[in-house]
């Protein structure tokens, strides 16, 4: 094999047989530069301090770990909620966008590009673009633009430009393709701010690390409030960033880590669209967006579209580290269907006064379904707030 | 005069010539019981600890004090933002609803009632109703229900019942009337959770105290971050709770306190509706909702409807303490028109990555208009986030 | 005519009318009929935009009256035209305050009004108006509610002039089926230092009689009458007043 | 036929066609004409749902082909029918991986395909496929980009078999007006240990000639041809290929 590759972080970019960098040659160098910058900044006190300040003063960290008494009573155990719904922008997304934008800024980039599906990551990118003074362009499928007009307006209000993607299925996966194409021609001035713990190295590791502030906080908060580690942690999985973020600091603990995927309408397929977003449960090994991982695909390797009532879980792939942890059994993968998620959404609202994102509602819905899996002490990651989902739930319920 | 009145807190309920309790006899006793409970709980360590825990673990306090570099540069001074937009529910409202709900719970009440205009306070009440297990009913004008369908859905999702008010102008002020009428017949089991620092004693003092956590935090944060008191604090005024909350701990400091009212379309009147929500600027002394204060009224004393592009500032009265502080000159009252507020809304979004509530955008809009009034070091209270206002701004701008 | 006159010859029937609903002419005609039917005292309501002590019937009447142009000037003009029995003003404090307590009292006196009921003005806030009433020899009538503590109830009864208004139940004005035990208790515990009239929720001759039987010196009927005026049923209004008066007399203690 | 054969008699013109766009018949006919017009090597694209290295023209062609039913089985059937010059597979790794590298290589060999270009498979990830290619005597062609560091470029050129694919510019496939100086630099710095063919953005005879003049042993034209097929202009396609070949020969170094 190549000599350069031995010294390159790409070689260490595997999680078991998953991960890697299945990318056009044009992107090899930009990704290496990003990996190098990221690796050196990881230990740079100035960078860490600046990021820490932004996370606390701008984004609102630490987010609380909040005991859910009424939910806990109903389930006969102690349940805590990690409140990423209180983060600026309304979801955990900003942990990642702030970190990457600061890296980009240290790398001398002046422009950010990002993909977005429902618009949550686009908004989080637009927020950091505004705060840190980047030119910001967000790729978004035409279909999604039509479905998510409010988030388009929000991004534009924040000074970002939303670029409609007309290729492929004109949804999230095509927006990622398009952002990668842009980056292949613009990397000199531009950082590609990928929104989840997927994609080629260094993204899965970098996004996990930036999001692991969730788990670090949760760990010391539960130790402070309960004096012990939780028996379980439940998180929803789209690409895997909130799940890896809260799981990572517990990987060598005896805590049961439960990743809840979007069960959607069920295990089937309608046309070229899977009836779910559960690539760990129903997908197979393959390459998508630069990584070897679990993906929803047809027998020839064409990527299927995914489906979930929660736009943020509507992705036919998953981060490679989760695919690996699921394969080894360290992370349990479970499903919550649309209906179970909506039940979780309503339940948490009424019992705790917290309207969770429909994504996070999958974690709650699962907990309601299989409380005996949670042990005595459980943390549910409330990755975002549900204000954005009111319309969707109303429609789902036929109001 | 009466002997009981001498020992009653009602006698100390004045702010200069403002305040008092202009209420039906049926409400005298419930208000005294509330005042007594509030006064004794104020010094009850168990209560304070429980409230403190809810504020931090459930609501997300402390909220950050965040330097606004790009805004500050544009205005040639140091500007800080107090981030009540990060509080659970999206605005400062929860500081008050949590406190009052906990008082109600200590008083043995099982039901909460509240008024709401745009729905923000109704949602904040529904949240605490859910969290603390109350039966919750929210009075809301029919006109407002029509205008704010999403918030109605949100309240219902949180388990509250929304009761349409068909009397009077079928807006906020009539919802307050209706809640008072309900309370006159239900006080034995029910707490009336008023949403702003207005109304009869003890509400103006109690709501101010519950909201003053904003100012207490801001004071120690600015001392920590800048080593000195701010030259000015700017807050928007609807009923006055966020303004009094941030102003109160600075009242005996040399800090200039600037209250920004809704200038709306201007100083005039259209039919029986004022073209603004500026009762300090354009109102006159009178009694509304149980207090002597400044109100928008006709020469005979009929209350006018108010108008503002920001639903939360659309109230024809104001808290009595602010009326007093404005009269004595301790608080400066200023206006931001609809157009200036929308400018503030856009500006903060693009420069800082923070979409403020349209209410808070009045404070920003004013700061953009008269930066020389702010001194070198200024805190703007971002009382809430603007996600709820995207539609309104789009419509205002004719999108 | 003094307010006290209404109570001089047996139990007083006090009728509330909303001035200007649906127009001044109707209110004046309704007053004429009510007087003819035997009412002893008229409460003439000045409509307010924000009547926090009133239930739906009186709220709606006030809204109609305001929409038809009722204001404080017209109120006093119209009140001056109603004669035959004592009249009291009933309305919210902001309407009084805007005109100025002095001028308001003077206008009452000039239009033959001899007392004021201001339901959102508890004694603690009443000093300015009380002084003005004294200067114009007007009664200022305070209210006692079922939840008013005993000492305070006694003080209010003592301060009130003309009569003391016993609020028959918590909540707001408006007709109600049953008369509560708590009302009887209230009558029993408020000292008869002056006439005690019971109001809020009384709508039938039977209820009125029960109040008198329980010891009240007067009964106030509001929403039931306003409702009939609102429906244009002035004949029914007359009938109701006559019926109430008749039943009240039946049970009245012999003097 | 070996890939190397294409470079044996002067500068090679390599033409990319998207298999199955708009249908297999058309692709086969287009191939026939391209071969007749003088092309030296065919790149036969297997359409993929997510072609991250391709620009809009090839993306659209792939989408049309998939919609028309193209899949890996049909691809190999059709490829087997195209004869006359060497053929290479061009497609994304997931399509290869799903079939299994072994089976994929076997199918290539069986249908007369003598090499593979997998644009999202950098050498670091290529080992399994490389082993399979060796077993079936297939060339595995790697790409060098303008931003590939020199040492890596040299290593890639050394590893690549058949030829090495020089990406003429950053970004994705698709026609471009000017040929960049950076492409000339790239040709200059990649050692001619094997034929170097330049692709991405070459659409005119003049550009092709410039590449040859700059030292390239081959020129790859993709989007320009796919575009013409998409428009149904097979005559123009033939013309373009002929024109390119002609200009390339003009400037070819004498042997």
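A, B, C and D label the chains in the order they appear, each numbered from 1.
The rule is short, and it goes like this: a residue touches a chain if its C-beta (ideal position, glycine included) is under 8 Å from a C-beta of that chain, and two chains touch if they have at least 3 such contacts.
Predicted model only: the values in this text are computed from it and were never measured.
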Shared chain contacts [subunit B and subunit C, defined touch]: none
Maximum centroid distance from subunit A, chain identifier (CA atoms): C
Chain centre separation (subunit A, subunit C; CA means) in Å: 67
Geometric centre distance via CA averages, subunit B-subunit A, whole Å: 36
Gap in Å, rounded to a whole number, between the CA centres of subunit D and subunit C: 98
Chain-level touch network, classified as line, ring, star, complete or other: line
Touching pairs - complete list by chain label: A-B, A-D, B-C
Touch list for subunit A against partner subunit D, complex: 1-5, 8, 10-11, 20-26, 28-30, 167-169, 173-174, 177, 180-181, 184-187, 285-290, 295, 297, 299-303
Sites on subunit A touched by subunit B in the complex: 56-58, 60, 63-67, 70, 83, 85-88, 90, 126-131, 133, 150, 153-154, 157-159, 346, 349-355, 387-388, 390-391, 393-394, 399
Residue ranges of subunit C in contact with subunit B within the complex: 48-56, 59-60, 63, 66, 71-73, 92-99, 119-125, 127, 142-149, 151-152, 155-156, 159, 167, 169-172
